[in-house]
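Each structure below appears as structure tokens.
Two complexes follow with chain A in common, the first pairing it with chain B and the second with chain C.
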Partner chain A sequence: MSEPVQRRKLVAGPLSKGDKWFFRSTSIAAHFAFVLVALVLVFLLVRAWPVLQSQGLGFITGNTWSPDQKPIVLQLGPMLWGSILIAFVGILIATPMAVSMAYLIVFMLPKRLAKAFTTLVDLLAALPSVVIGLWGLLVFTPLAASWAEVLNKYLGWIPIFGVSNAENGFMSSPFIAGWIVAVMIVPIITSVTREIFSQLDKDLINGALALGGSRLSTFRKVILPTSSGGVVGGVLLGLGRAVGETVAIFYVLNLTMDINWAQLLEPHGGAVASWILARFGEASGTEKQGLMAAGLVLFVITLIINYLANFIVNRAQPWRKN
Partner chain B sequence: MAKALANQPWRKANVARRLQIFVASLIPLPLVVLITITAHLNPILSFAGLFLPLQLIAASVVGYLAYGRRGVGDAVLVVLTFFFSAFVLILLLSVLSSVVIQGSRAISWQFISQNNVYVSPTTSLDYGGVGHAVVGTLLVVLLTTIAAVPLGLAMAIYLTQSQSKTRNLVRTFTQALSGLPSVVSGLFILSIIEATHIGRSGFTGALALFPLMLPTVARVAEEALKLVPVDLRYAALALGAPNYRAFFQVILPAAKSGLLTALLLGLARVVGETAPLILTMNPSSSTSLNPFNGGMTTLPTYIYNYLASSYETSQARAWGAALVLLILVGFLFGLARVLGKNKSIKSKASK
Partner chain C sequence: MTNLITSSSLRAENVSVWFGERQVLKDVNLVFPANQVTALIGPSGCGKSTFLRTLNRMHELIPGAGLAGAVYLDEQDIYSEAMDAVSVRIKVGMVFQKPNPFPTMSIKENILSGLKLSGRKIKDADQLVETSLRRASIWNEVKDRLSDQAISLSGGQQQRLCIARSLAMDPEVLLMDEPCSALDPGSTRRIEETISELAESMSIVIVTHNMQQAQRVSDQTAFFLAEEGMPGGVVEFGSTEQVFNGPIDQRTNDYVNGHFG
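Right after this comes the complex of A and B.
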């Protein structure tokens, strides 16, 4: 055996100077995403640190927000819980609507109508949240208040539908805020679910139908189990959006530091993002730092939710391998 | 998808079946309407408590008569799907129609062109308008676009054209950014403003929109670049073109419409943003063409400010501005759709 021919390295690298610059500049740009997330975290953390340090864990769990008191007490508990509650209500309302819509688009409509419906759902996603807020305050709130009244009248014995005083008028409640959030997250869940449904193995479904299953049993026993991962991911993406929603909730909810555990029709509640907007105008000094801390908490929560959501969605869509 | 449908010889019969069931499910409707009117029931209550169960029963009976036991399952699913989907559409149409109807009362040429100097919450709608807000929106969004689009495109190039190992990491962080709540983006820029003592202006507003637009552009542009057949690129490289020329002369023209869609969807994402602008810009009632100094109002912040007061003329102004904003968004969205259509034709041809 003679000396083997020297092999060229098989890793393709940029050959020309132009290419080097091309890849180098795009690589710098791409890593800017990294830098941006880090910058947001660092800037907010630096500004929020004094408050986080002085308030300790009470910042998250306590329920007093009194910037005039000395020493100053800034606690976010009711707002955090309110965000979670509203997002949860929103998801409970939005998920059936979104999954039905996706099922309708993928399995029931003729192709042309399906396209039209997809466009309509995307249009819903493109509506600015301030417009939804405007509609929510002036059009939807009176309507939803009448729904809430009916709910309270007939299901009031269930604690979550009970109210302390029916004279309050059922406005500005977490129930209404949940509906508004639902309107905004339906398109997100629909588009993820639609994507998953349309990639399902058609043979599986046809097989189930051929075995004598009805559409309902096919949906429950074949379609849902095979696509549940993606649907859950879509719901989580919606959750991330719901937690960060600001302006629309600001209009339709009465924000109070008086914690509302789960009385959906009670006319007060909380939402971190809206609280930031509501307090921002009057805030100064330490309170502003407190709002920065609230923003930091919000960002960390959405980061975690989104990471989980994307992880699940990507795993549920193996055909989207890059 | 079309191919799969062509392989379903039973499909036509199925459409007929669903229609049958659906029409049958509407039989109780007149009955319920009659009962509601004569007994003065709450319409919502009678709809949810009377019509829906009756509809389910009627559809199930028809399904059972026509197709046996499996017809019942079909019927339940059809009714529930139509019900929930119709709800989504009703909500969407309610938003659109109320904005159009209420907004068209306020809107006029003078409302679109004039600015808001000398206008108080009770001034009649014959004076003042959203001209300054339209200009402000365009300027702020333009500034954001100038920064976010090239950067987003570069990210997309990196994700599709290079073979680097950090691509997944970059993708993860882009996704993380796309989940950034808009108010947090505002707070971030606010903390920069306070740290550096630069004045609040249209420019700082544009800065606050930047982290929101960037991930949208990057993600859609990446999808668009992925649709270009990789063979095209290989062919260009095999002919001896360096990567950057392969990109600019072959891939970029092929993905042009998709990249325009990325731009438009990015625009649609930020044009309606409110919270970050409230935190980072001072409102102004006069037309300002200088985004680097002084206050500026955009359409969303205009709506926000007028909705805060409960006077009727203020709310009318908010509706009018919402209609202008909606037209703007709809225009961008429609344009993106038309361009996106070209894209899908191309991708089909390439398959």
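Right after this comes the complex of A and C.
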């Protein structure tokens, strides 16, 4: 037997003094992000803990929010469900729009127009939430309410389009809030999908066309399946934003603790973030802690969604590994 | 099985090609008879791949693409109003330089993908899959794992799968754009064997940079050349034997003997 070969230690360290400082400052900056997230989490946890302890599971399942009651009852159920419902509606509306837009930009438009379109969509992402909220309230709500009325008239027999009393009008509903959320998340889904589409191997598309595929069949059978992981990831990133959306929904939705399970056109609903905004100004003491707890719940949900998004984007495309 | 002579001839008449304002091909006249393998050779940038793409109307997918002249398949102009691109591409199959199996599909699904993409009915799927894979000489290697992902195959196998995928459409002409340039010598040899077998039932047009390959697989050869600042064109066209061993044009002689390009 020969002796094992002595291996030498290889270190890919900094190459100069300047390098050393560069390494250090970047690693501090990188860690800072972690520290910040952790600090926010700790802060929320400390502040929210008493309420979470006293309210128990009821905090997320119950539907009573009465800070003046003794003992105090703070339950978030309708808001939490409302957030999910609105996010779902938003995604249902936004995804087809965003995917079509991305397809148009990547595969159909001449370069210059595609660039202009991309800028336009990105600009939509830069619009402040409050501007979209005000636009939603003053311009879009009356319009969407008329759509809702038509939907209710013809499809009212489907439970989700039914309302308890049409006299109440069709404003301030999860339907409208969903549209507003859609407007806000279209840019992010579009830009992720656009990126995925443009990274697609052009030879796959040419291969499909050379086999006698039409634009539609190539899109459905090759482009979409090949990029589905990325698209789903983009949708989840959008969802992360939709769930946390505060101000815009605050303007267009009638927040009530009377839970609205799935009657999209009914003029009331819930959204955690908007609820925090609505209550925080006049809240004090325990209720404030309750709102912190609501924030914590929102934070955790967003973290989970983002994690899922990353997981799916990486997992759904095994052929991308090499 | 398919030793029937079903192929027909393809003919390019005065084909000129533009990208925007720039003309890249001028007056190409070539005939691709049934059961013959035609090699298109020439230095990079002479327009031979571009020409290949005019034969199944893939050329028109490039923005700004222009064309003059005509391409006849069964005496029908494939660019005429009466023909649509899809039916042309069904009759004139294409194999690309880089193997491009659909990554989300299994081996079997890849074979059937053309039928699905073009919206045609699949009668006997299993039989069609087997026949196509056999014709591309890859059946024995994959018959036990038809539901595996196509990308689990090696590069050479993937390319033969792509050939099989085109064959499933039962094309009259098969266009091959440097099908072996990304493959190792062993895979290259197997594909060349396949080409010779396939020529019994169809017309094959192959673009290649490999002079030996052109001599091994083709019956006739067209030499493309683009002079400095000029559109490309065919310098010489004839039997492979003649083009390589007794070229008429001096430029052809220089090229096939490796003096330039």
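Heads up, the rule we're going with is that the second predicted complex is superposed on the first by the 293 of 322 C-alpha atoms of A that agree within 3 Å, B and C clash if a C-alpha of one lies under 4 Å from a C-alpha of the other, contacts with A are read in each partner's own complex, and residues count from 1 in each chain.
The rule is short, and it goes like this: a contact is a pair of C-beta atoms (placed from the backbone, for glycine too) under 8 Å apart; a residue touches a chain by one contact, two chains touch by 3 or more.
Bear in mind the structure is a predicted one, so any value in this text is a computation, not a measurement.
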With both complexes overlaid on chain A, does A:204 touch chain B (first), chain C (second), both or neither?
second
Mind working out whether A:212 is in touch with chain B, chain C, both or neither, as first, second, both or neither?
both
With both structures placed on chain A, which of the two partners, chain B or chain C, ends up touching more residues of chain A?
B
In the superposed arrangement, which partner chain does A:222 touch: chain B (first), chain C (second), both, or neither?
second
Considering only touches as defined above, state whether A:129 meets chain B (first), chain C (second), both or neither.
first
Partner chain in contact with A:291 - chain B first, chain C second, else both or neither:
first
Chain B versus chain C as contact partner of A:146, first or second or both or neither:
first
Taking the superposition on A as described, I'd like to know which of chain B and chain C A:110 touches: first, second, both or neither.
both
Where on chain A do chain B and chain C both make contact?
110-111, 206, 212-214, 217
In the complex of these two chains, what residues of chain A are touching chain C?
110-111, 201, 203-204, 206-214, 217-218, 221-222, 225-226, 228, 319
In the complex, the residues of chain A that touch chain B are 12, 14-16, 18-19, 21-23, 25-27, 29-34, 36-37, 39-40, 43-44, 46-47, 96-101, 103-104, 108, 110-111, 117, 119-124, 126-135, 137-140, 146-147, 150, 154, 183, 186, 190, 198, 202, 206, 212-217, 219, 237, 240-241, 243-247, 251, 273, 276-277, 280, 288, 291-292, 295-296, 298-299, 302-303, 305-307, 310, 322
Seen from chain B, its contact residues with chain A in the complex are 1-2, 4-5, 7-8, 15, 18, 42, 44-45, 69-74, 76-78, 80-85, 87-89, 91-92, 94-95, 98-99, 102, 150-151, 154-155, 157-159, 161-164, 166-185, 187-188, 190-192, 194-195, 211, 214-215, 218, 226, 242-245, 247, 268, 271-275, 278-279, 300, 303-304, 307, 315, 318-319, 322, 325-326, 329-330, 333, 337
Per the contact definition, I'd like the list of chain C residues that touch chain A in the complex.
56, 58, 61, 63, 86-87, 89-90, 93-94, 96-98, 100, 102-105, 113-114, 116-120, 149, 151, 162, 165-166, 169
